[in-house]
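Labels run A, B, C, D and E following the written order; every chain starts at residue 1.
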Amino acid sequence: MTFNLTLSGADLLLLVPEMLLTVWLCVVLIVDFAMPRLPKEHLAYLSVGGLGGVLACLLWFDLAGISGSLFAHMFVVDGLALFFKIFVVGATILVILASVDYVRRFRFFKGEYYFLVLMSALGMMFMASANDLLSVFITLEFSTFGFYVLVAYLRDDAASNEAGLKFFILGVFAAAILAYGISLVYGETGKLVFQDIAAASYTPGLVIGFLLIFAALGFKIGAVPFHSWIPDTYHGAPTPVTAFLSIAPKGAAFAILIRMFFVSLVAFKPAWVLLLVGASILSMTYGNIVAIAQRNMKRLLAYSGIAQIGNILIGLAAGTKMGGDAILFYLLTYLFANLGAFAIVIAVGNLIRSDEIEDYSGLNRRSPFLAFAMLVFLLSLAGVPPLAGFIGKLYIFVAAIKEGLYTLIIVGLINIVISMYYYLVIVKKMYINEPTDPSPLSISGPMKAVVYVGLAGTLILGIYPQPFIDWVVAATLMFSNVVDSTASMRPTVPPFGG
Amino acid sequence: MVPLSAYVALSATLFATGLIGVLIRRNFIIVLMAVEIMLNAANINLVAFSHYLESMTGQIVALFVIAIAGGEAAVGLAIIIVVFRGKISTNVDEINLLKW
Amino acid sequence: MVLAFFAYCSLVSIVAGFLTVALKNPVHCGIALLTLLLHVAGLFVLLNAEFLAMVQIIVYAGAILVLYLFVLMLLNLKTDERYLHSRFALILFAAVAICGELLLLIVGSPFGGLKGDAPTEVVLKDGASYAIGIKMFSDYLLQFEIIGVFLTGAIVGAIVLAKTPTSADIDNREG
Amino acid sequence: MIDSTLLIILFAPFAGATTLLFVSNKQALLVRVIAAAAAGMSLLTSFYMFFAYDPVEGGFQFVKRFEWSKELGIAFYLGVDGIGAPLVLASSILLFAGIFISWHIKDRTKEFYIFLLILAAATMGVFMSLDLFFLYFFYEMSVIPMYLLLGVWGSHTKGYLDMSDPEGLKKRDSVGFIFNFAANSKEYAAMKLTLFLSVGAVVALMGILLIYKFSGLNTFDILVLREQAKFSGSLATIIWLLIFFGFASIAPIWPLHSWSPVGHAAAPAATSMLHAGVLMKLGHFSIIRIAFEILPETTHELMPIAAVLCIFNIFYGGFVAYYARDTKYVIGYSSSSHMGYVFLGMAALDYISLTGAVLYMFAHALATGMLFAMAGWIYDQTHMRDIPSLGGLVNRMPFVAACFMVACMASIGMPGTVNFIAEVMIIVGSWHKYPFQVLVAVAGIALTMAYLFRMMRGVFYGPMEHKYSHAHDAVAPVDRLPLLLMIACSIAFGIFPGHFYDVIRSGVDPLVTRITAVVPLAEQTREELGVRSEAKVSGDLSRSLLPSDNPSPLTPTRLSSSQAHASRGSE
Amino acid sequence: MLEEFAFGFPILSLLLFLPLLGALSLWLLDDEDLIKNAALAVSALELVLAIIVLLRFVPDSAAMQFSERLRWIPPLGISYHLAVDGISVLFVGLTALLTTLIVVHSCDTVRQQIKLYFMTLLALETTIIGIFVSIDLILFFVFWELMLIPSYFLIKLWGGGVERQYAALKYVLYTLLGSVFMLVGIALLNLNYHDWAVTHHIEPSYSFDFLELLTVPIPRDQQILIFWLIFAGLAFKAPIVPFHTWLPDVLLEGPIGMAVVLAGIKLGTYGFIRFSLPLLPDASKSEGVVTIMATLALIAIVYGAIVALIQPDFRRLLAFSSISHLGFVVLGLFALNFQGLQGSLLTMINLGFSTAGLFFMAGFLYVRRHNTHLSAFGGLARQVPLLATFLLIIGLASIGLPGTNGFVGEFLILLGAFKAHWVYGAVAVTGVILGAAYFLWYYERAMFGPLAQGLGQAMADLHARELFIAVSLSIMIFWIGLYPAPFLRIMNGSVQALVQRLDHGSAGAVQATRLISRE
């Protein structure tokens, strides 16, 4: 029992983005307290500025190829971690910009809103770096608690409260399951770091442990059958929070899932591929079919989000480096398209105080820009070229077909058509129907910026994705030796076999 | 000497109890309590493994679980208070503004 | 002796756990949960984790559970007439089935993880607190710090949600 | 500059669409001029491309290749062969005409032109893609503009179900009705079209992905796949079926056709033109480009499926067109019927028939384009598509009536139009393999004639209702230009199809050789492809036919019996 | 591109496109009189050209003359090949003459859209000349189809009847229905040429050129198939009896000019003698074909005559008489001997004068009464003696009175028919008798007897233009009737060659030509 912690300057450098953000969120909180007369949107720009610094730092890491691990490999900074950190920080910046108008609706605690958003972002950045189960548990809860509060942020709104409560109950339930799963894995292996676990043999305890961990992460990403909180929470939460919730935590959770499946469980690939195939098929089909019946934009996007998660799971089920690449790329396309769509929902919600699809009637006449942007985002989600979503879906399918997951691809393709239908229903409302109130709509500067970023991302990723593909390929480089397509050729091990 | 499997069995029983409690009870606070039972089950496991595997990691994880539980309880109860102010109810069935 | 103490603690824990889930009055449930937490602390002692046992009693039983009871009092909850979830029978059946299998599989599992660097005698030499401290502030320092930030955030979050806003908090200057 | 011809053709409309984004909707004329300029640019370059295409050299020309994604094996790879070139030309002609046909659209002009330009550019993109990925990319890209164009600017058959004949018979009781149920809403039509096409597209995508996987080459490059990909029997069958039915649904082949006439009917004129004119050809083209190129053996084996289905196409489409009461339905079903000829030409897998099929695609694009343009004009003037309710319009619009006549003639395959050449080729080429289908096809021509004349009579002749007395002829140059352009192309290529034929043939020959393993007949003289073997034959004949010293070849005079015997023996 | 001008000057092309150019130049004119004169000038020039061709034509030769050949669509073997031989050259002259007469007649009778009318008429002339001078089958088919368009408009726009729309559509539809099958037949000929070349490893290529198609043998079964396919096209156009129903409608509803063209210029039967018989000799002389064709011909003769007998309307009567006469022509063709063929050919020409002449007469009557129904006439002979006289002359020619042209033709046909089978001849003779009956009966009722109601002094006799038409036709009638030798000499060579080819069948003939061309 000796104390053996040594941290050099180079080690600390790896922690700089997180530290910077931690300091910054304290600054935001203090500024909020210290200057009560400061207009609150300045806090938003302050937050964005800080996040910009973090983003710059992360990009520098990525370009300079700075990587390493700390604390007995429990905190790693590698391409994957950097990718997801950039992803999360980027999403956070966009969400904060999109929130500026919405926050005016809150009656109190406007400043704390930004603090909590930054807090969640910090948690998700740690998630991206988490390389052991304890870190997974802590960072997961860290990032989620911020959302508990944010979802219930509209204190006078019963729907928001209810959404917060449901999210919370299911969240802590998932946390308990996660904790129990971790305990079982720990019992079977004596280790928590992913790489160490990989050496473990195959026992029922381990299987159940990982199943429970997967269930908890499934809650996080909202894959069927762990999706039940998604529609209500999305519906009830303040729309910017919904936007945030629909993207950033998913990305961060996939960082963990990728590490877990590709590092720890690589030996059991045939078993978990089946599990993921099942989850993917259920998610896609359920999400898309239920989405058809939705009348509320946020609920529709919630169900479509479930379906999109199903699509992403295809990449995970492929279980190859290429599958990983595809997940990363898909998440990028999803970031721009989904956030863009939510930005429009926020904007329209701010203007007409409604999220019902019916109220989007004739949006094209009221604001051609909003309608066009929404069209682009929805079509990207549906996977129509030349938009990003198409490339994302294709990438995923290519990765999956290389592994011979035909059933999954067929289901995925059918689902594309189903999703096309309900997205087009919205398009129809916007473009074909006549507005009940023809007054024109216009949106504020920050919101416009978000929409433009979304449009630019959706188009660039669709038309010239190669730089981004290069990026994601580089980001998952460490898996190229761990997981290759030959892994699927190993003899199948039954999941509960003796 | 108590065998490890006894601890595991105890923990599993408690976990199952908590799980069933979460699933069947209507009262949010009791649901939260059931979650606490599940967390405790996990803690028993962790500490028992820590002891039998001669590693401190389990205990540390258990400690973090307690900390997390504390933080979440604070937030969760705050949420329940907010909801209670609005609806005068803490029952799952009655919180149904949003259809499931 | 050890066995008897284990048997006592585990049996009481199970009964208390059952009662927590089964009792109608939330306050009674809270008391049952308290019992459970205390006996789990006893088990921790049995496992040479006295620091954790103290934390269990002080933080869990002392702080968290009191918080629960406080909220129960605050909300003045009455005993439920129908205390089960509307779809409980179905769920119960499924849950029991799943839990039963879970139990069997877990108990049958070897749990022969790799031995660590803290055998009992070493822990006993310096005390569990010392051992935890060494570990906590070397390998698990980062997690510890994260928890620190987390708890700060949790406080802010709880305040944001639960605090009755004063006029200073209500900020309508921007419309 | 290397050769950026195809880039100009492809990106001029995209550039136009992008420019339009920044133009206010209030400056309607500017919007139109920009759209027309973009389309005109594309058109001129297409003409240059088409005539600069060197049929002697053959193969893919104007090739442009940019690496796009190494990981996925995708390159932005453009090039046209003898099959793609005419279709690119057809697209740009129809786009240019469509811009002018839509000149009078008032509602959201800018958006209309943006979507129209994107639609046309996407179809051109398919015709020039040499990469499976981009082929699919552009293919799928063309679907959504269709949805909006139909949904927003389309037209309903208002109260179609309640209208009655002059005889007092309810429309819903007429035979045509059973084929048109629930089709009176443009939203319905748009959605149906989009979903059908999407289903077809994903089926085809499945096939493409299977090709990608089982070729094991990690590339979507059609030329590489063509040379190197080998597929085992049953796998090839599956892929072929996926590709065929996936793409045939847009063509549309018979049981999968039902979206098409509905869509045609609902669409605004320019969209119908592009839809019937080129969008449907995407199906045939993609089948040729993918199934024929990459799976030649399977194509040889399975193409009879198309030969069977095309009978239904021709007859079913023809009969429904005959009974339809709605101008656009008639044209729509006629398109559906005529696509059967293309399938027949493709199914026969003969040099001539496949050339005819490609030529027919071009010809049909022009003919149907004209018909839809004028149906659109009539609808704009009368707000009526119901044939029995119309009549006597020739008095109001003689120019349109005359053009309509020409268009009908072209559609029937009247000699002098390029359709005729195409029909002859299909008939000549397919007879050996499918004599029955050929007979069906020619009966279909008569059927076409019947319904088109019937429509023409119903619309332009007979008594005119007073309420149509305000209808105008196409007088302004912008209105006449598109019609005259299409007529001019149709007739010019009909009378001088030489270059056209050579171009197509240069694309078809290697393909059919691969599939049927039969060497093209004039292979020996291919280097003099423009002249081919006829030169010698006709040389001989010209000598033998001089009137002064040679008797008629009818007279078997100077033949001694021994010579006759000898030659008969040698036979 | 141009491969040969056998004549040194593309006279056939000029002949072919002169009316079209004339039509286009009419477009530039505005003045009505000028238009009429210009149209007249064009048609007269055309007639002059046609006469030059006839004069320069080497008689008693079977060769294709004035040949012009231009590759059009080389890969498919489609060429722009024009030539005339003894079979077709007379039709060219006939067409030019009739068009000129129609123009003369139309100068008075057409009142509306004069410019368009003459343009259409001249365009029609181009297409008809095209049919006669085309040696390439596709070119032939092109003109065959194109002819429908001006016809359609002529009937529809300038027809006299109320049902003219219907009649126009019926005509076009029926003809087109037939021609698409003909197209298949043509395609099959082409294919056969190709296949033969492939199996013999000789310069494989496609060709639609009549002369080249003659050089390959065709299996008999295929010949029969092709025969019936081509038959479909020709029978509708001719029209042979079961396919004739459009004819009375069109002749009744359409303008006189169109009626003259359709009744006077026998495109359908020309098709038989031009293409079917020489290309498909084995099919043509096969028993089934001959029997069916002859039977149809006989049915046409008798049926047409009987129906004509009871027609009260002159133009309807003429329509059925035309059907009846066509029966003779077909009978002559399928007698398959020299006399029959020559008679048919001559009769086809004759009908251009007699039946067409009768339609002109009907036109004259129509101008006067706006009706050709019997009830409108009676006792005309006294009122309009000139008209009555010429009507009688032409009518007798149509009956086939010795001394008129009709006699020569019908006589030769009957001779041929008897030679083929006595039954054919016997039945055909009844047609002659009935023919005399229906015409004379009608003539008697219309021209003699009491003056019809309302038929007062308003009725004028033939004026100059009409007289010109009537006299021209009469001259031709008597010329052929009294001195047919020049015409027969023109035909002789070609008909002789045709008969020989029929005797040898396609295989035998082919060997010869191939050997020749290979030397």
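Observations on the model:
Here is the rule we go by: contacts are C-beta pairs under 8 Å (C-beta built on N, C-alpha and C of every residue); 3 or more make two chains touch, one makes a residue touch a chain.
For clarity, every value in this text was computed on a predicted model and none was experimentally measured.
Annotation of chain B and chain D: jointly contacted by A, touch as defined at the top.
Leaving out only chain D, the chains still linked to one another by touching are grouped as follows: A, B, C | E.
Path length between chain C and chain E in the touching-chain graph (shortest route): 3.
Seen from the Cα centre of chain E, the chain whose own Cα centre is farthest off is C.
Looking at A-D and A-C side by side, the one with more C-beta contacts is A-C. If each chain is reduced to the average of its C-alpha atoms, the one that sits nearest the average of all protein C-alpha atoms is D. Taking each chain's centre as the average of its CA atoms, chain A and chain C sit 29 Å apart. In this assembly, the C-alpha centroid of chain D lies 39 Å from the C-alpha centroid of chain E. The mean-CA centres of chain B and chain C are about 6 angstrom from one another, to the nearest whole unit.
For the pair chain C and chain D, the distance between mean C-alpha positions equals 72 Å. Counting partners per residue, chain C has 102, 106, 109, 111, 113-116, 118, 123, 131, 134, 140, 143, 147, 150, 154, 157-158, 161 as the residues that reach two or more other chains. Counting only residues that touch two or more partner chains, chain D has none.
Shared contact sites, meaning residues of chain B that touch two or more other chains, fall at 8, 15, 18, 32, 43, 48-49, 53, 55, 57, 60, 64, 68, 71-72, 75, 78-80, 82.
Chains that are in contact with each other form these pairs: A-B, A-C, A-D, B-C, D-E. On the chain D side of its complex with chain A, the touching residues are 25, 67-72, 108, 111, 133, 136-138, 140-141, 143-144, 147-148, 151-152, 186-187, 190-191, 194-195, 198-199, 202-203, 205-206, 209-210, 212-213. Chain E contributes residues 3-4, 6, 58, 61-67, 69, 71-77, 79, 83, 85, 138, 141-146, 149, 156, 165, 169, 172-173, 176-177, 180-181, 183-184, 187-188, 190-191, 194, 198, 200, 203-207, 209, 211-212, 214-215, 278, 493-494, 496-498, 500-501, 504, 507-509, 511-518 to its touches with chain D in the complex. Those residues of chain B that touch chain A in the complex are listed here as 8, 11, 15, 18, 22, 28, 31-32, 35, 38-39, 41-43, 45-46, 48-49, 53, 55, 57-58, 60-61, 64-65, 68, 71-72, 75-76, 78-80, 82-83, 86-87, 95, 97-100. The residues of chain C lying in touch with chain A in their complex are 102, 105-106, 108-116, 118, 122-123, 126, 130-131, 134, 137-143, 146-147, 149-150, 153-154, 156-158, 160-161, 165, 168-175. Contacts from chain D toward chain E in the complex involve residues 352, 405, 409, 412, 414-416, 420-421, 423-425, 427-428, 431-432, 438-439, 442-443, 445-446, 449-450, 453, 457, 461-462, 497-498, 501-502, 505, 521-522, 530-534, 536-538, 540-548, 550-559, 563-564, 567-568, 571.
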